[in-house]
Amino acid sequence: MAELTHFDARGRAHMVDVGDKPATKRRAVAEGAIAMQPATLELIRSGSHKKGDVLGIARIAAIMASKKTADLIPLCHPLPLTRVEVTFEPAENRIRCRATVETTAPTGVEMEALTAVQIGLLTIYDMCKAVDRGMTITDVRLLEKSGGRSGHWRRECANPESP
Amino acid sequence: MAELTHFDARGRAHMVDVGDKPATKRRAVAEGAIAMQPATLELIRSGSHKKGDVLGIARIAAIMASKKTADLIPLCHPLPLTRVEVTFEPAENRIRCRATVETTAPTGVEMEALTAVQIGLLTIYDMCKAVDRGMTITDVRLLEKSGGRSGHWRRECANPESP
Amino acid sequence: MAELTHFDARGRAHMVDVGDKPATKRRAVAEGAIAMQPATLELIRSGSHKKGDVLGIARIAAIMASKKTADLIPLCHPLPLTRVEVTFEPAENRIRCRATVETTAPTGVEMEALTAVQIGLLTIYDMCKAVDRGMTITDVRLLEKSGGRSGHWRRECANPESP
Amino acid sequence: MAELTHFDARGRAHMVDVGDKPATKRRAVAEGAIAMQPATLELIRSGSHKKGDVLGIARIAAIMASKKTADLIPLCHPLPLTRVEVTFEPAENRIRCRATVETTAPTGVEMEALTAVQIGLLTIYDMCKAVDRGMTITDVRLLEKSGGRSGHWRRECANPESP
Amino acid sequence: MAELTHFDARGRAHMVDVGDKPATKRRAVAEGAIAMQPATLELIRSGSHKKGDVLGIARIAAIMASKKTADLIPLCHPLPLTRVEVTFEPAENRIRCRATVETTAPTGVEMEALTAVQIGLLTIYDMCKAVDRGMTITDVRLLEKSGGRSGHWRRECANPESP
Amino acid sequence: MAELTHFDARGRAHMVDVGDKPATKRRAVAEGAIAMQPATLELIRSGSHKKGDVLGIARIAAIMASKKTADLIPLCHPLPLTRVEVTFEPAENRIRCRATVETTAPTGVEMEALTAVQIGLLTIYDMCKAVDRGMTITDVRLLEKSGGRSGHWRRECANPESP
């Protein structure tokens, strides 16, 4: 059976040794969404050019959070990110967030991309919670990763979790 | 129409003035889940007493993250948390995380509870991603809040997002 | 002659004891400016509604930095800020930044207001440095403080440093 | 007209992709000053060897702050600094601060040098504010940068902001 | 038998609920030492007034670290410190560090005092390691605490660990 | 006489220039111990599989702290750690902690290993202090380092500080 690499043979957690892996270009794309009432979505949309730029602020929070990943996730390696891009796309009753993160390092940036998405969506929640406390963050997942020994990975569309 | 309180009349973001609100006891409960393959869930379950305590580590990450909320969410007030409790409950193909946070302060701790859940679930992802890259974080939402002017709020079960 | 309160009788730095001072409402206002070429200012102005919201991002950076003050300034007390407001006002060849910070605490928030101004202006520098490396941050200073034993203080207009 | 590189074609902020730029040796020098009453300057000067070393503490704060730059400035890349040097030079009614920062990286360290100067000067303000609340931080700017595609840049003396 | 309060009845870690405890004045004193070669001690001593103020820098590091305690120790409550004082006292072949921390809060500041001592001594190690790699940090312990339900506690001199 | 490298010729602290040193593989091993009452040790031991995993939590705190070293120790360089391993070994009346840290960088990771040990032991203190306030952290020291110009260094057993 598969083993969890974050533990040694005796079950003790460690930061995995990546010292012998070459620094290669790594890329990860993650996404997620926050579901909300239509009126909330409308408020955010109109706000973008009139009342307060919720998505602009959430984007900054997402980018800054990606830089804190190793501080938040106990066994993550600190990595020198070379690119972070975050987009938001409003749909019917939700806003979808997508983050792309890149580095040149001996290990990947999946966690950085996921952290960006999580905090970006949380920031939307924070800014709109006074009008819609029931918003739900959902479908946060890795879409794609490349670089490193495990090569290119892409989420299959047939995934039952996918909307 | 409702207004977003994090912006002033001209649409500029600010940290809302809570200086005139009394410090009262506040409590928030949030939850979320991470969906995974049955084999991954089994690995985590067995690991808890044998190979490496994924959930114990995720709990610590969640508690520590709740203390960083004001550092992650741009317009959150820094708050002196008086209690943080995080539980994980494995179900069929997922692990559910629930966080309860309390403080005595002029504003609430919803964001702290949600941040704990998000980072707790992300830590599970990190520790298991080598065996199940497709895990999905889902249904992250506030369950309940109390304290403050807006009184007690509890999510209605009829919420369509709810499993 | 006046003494520096951050040192004890033997010249050793300490975090001053404020344990016997009552928690009262405190407020501080600070300002500063960044001087730039007219074309840079024009770029920022147009960007605010078209190409990228430099000032919106600088405002978020300023607010977040105010929460990190005790982490940056060695002898500052950590304080639970209850309000942070940051405004930018373009003038001829500069953008002026003003920050207002409030708390209810045994000591004041001058440093938090000044830190917000400094990091807000630095963020403008960062975002525009590719087109105008010579921008200069200037006239960063306290405008007003209130609350606490020393009462209300307001900068006199006759100050020779004032533009 | 020049474009702001921190925004994409649609005006969305991002952390600029530096993944294809080679890691080269980078150096930046920044300076700034804090203007004060002569008596305050005298207090600092005498303190350096007798009562409390204001400048020694400000130097440590400046060096530590340079390491936090990517945490403070939203779109800055995290960089492995290889050298930080901070000097203070008292003049008539001011103390001038100069910071030199170096790294080997795909992007430069101007922001790290400017952040060191800003926080160094703020720390002086903090330690002396009880005796001179009106101190003003001024003329914070880049003096010189080298390394990278844009080559060597040096501030011209004829700059009208220069004292 | 005694129970560990940081775990609930099922052995899960939590941040202990202190929400019902009154905020009272708390004080903790901790100490520790770093043993070194006589020549190293002499270097530090002379440096204090001539070559570089090792102890002055270690004091700042200690004070700043006390403010980061809740960020370092997983289950610590964030507390608004009202006083931090750190002293160093050279003896034969060691430097002794003592930290006093105070707050008004529902829980105590033992960890803050101990963290200050630990990081203060580590900073001495860092600054002198090039000349004396074998230095040893030792006897780090609580000396005294007061405030709160458990009242005044003072280490007995007969403690066998005590030098 | 030996010189302290963290100061320049005039006694001013700086972050030492390592820009011309090659990035080589570095490794450091540090250890330390916390002495406690036998009943406390028994509580921790039994807890590991029954009531609450003190050592598991201390290990996570130690690993996370190693990543914060440059944030805690003023003149440390930020380094991209490639491996962190922390073990605890209960002995008679104490628990011994050992940390191994590795990187590929122009300077070493002694401070990261020592910081991991210090915070790991402090976390044990925190979790057990309610039952044994007199615990003492002791014998924290470097055991071994390799990589870099100074080559391999190993603590000699004859060291009088060694138990």
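Per-chain residue numbering starts at 1, and chain names A, B, C, D, E and F are given in the order in which the chains are listed.
One rule holds in what follows: contacts are C-beta pairs under 8 Å (C-beta built on N, C-alpha and C of every residue); 3 or more make two chains touch, one makes a residue touch a chain.
This is a predicted model, so every value here is computed, not measured.
Peer 1: Given that chain A and chain F are copies of one sequence and touch, is their interface built from the same residue numbers on both sides (over half shared) or different ones?
Peer 2: Copies use mostly different positions to touch.
Peer 1: Tell me, please, which of D-E, D-F or E-F gives a repeat of the B-F interface, judged by over half of the contact pairs matching in residue number.
Peer 2: Selected from D-E, D-F or E-F as the counterpart of B-F: D-E.
Peer 1: When the C-alpha atoms of chain B and chain C are each averaged to a single point, how far apart are the two points in Å?
Peer 2: Here chain B and chain C have centroids separated by 32 Å.
Peer 1: Could you grab the centroid distance between chain A and chain E? Build each centroid from C-alpha atoms only and quote it in angstrom.
Peer 2: Computed value for the inter-centroid distance: 37 Å.
Peer 1: Can you list the residues of chain E that touch 2 or more other chains?
Peer 2: Residues 12-13, 53, 56-57, 60-61, 64, 68, 71, 74-75, 78, 80 of chain E touch two or more partner chains.
Peer 1: Give the pairs of chains that touch; include all such pairs.
Peer 2: Here the touching pairs of chains are A-B, A-C, A-D, A-F, B-C, B-E, B-F, C-D, C-E, D-E, D-F, E-F.
Peer 1: Which residues, counting only chain F, touch chain E once they are in their complex?
Peer 2: Touch list, chain F to chain E: 1-7, 11-13, 32, 35, 39, 43, 47, 50-54, 57, 60-61, 64-65, 68, 71-76, 110-111, 114-115, 118-119, 122-123, 125-131, 133-142, 145, 153, 155, 159, 161.
Peer 1: Given the complex with chain C, which residues does chain E contribute to the contact?
Peer 2: 25, 56, 59-60, 63-64, 67-68, 78, 80-87, 102-104
Peer 1: If you look only at chain A, which of its residues touch chain C in the complex?
Peer 2: 49, 53, 56-57, 60-61, 64
Peer 1: Can you list the chain A residues touching chain F in their complex?
Peer 2: 8, 12-19, 70-71, 74-75, 77-80, 105-106
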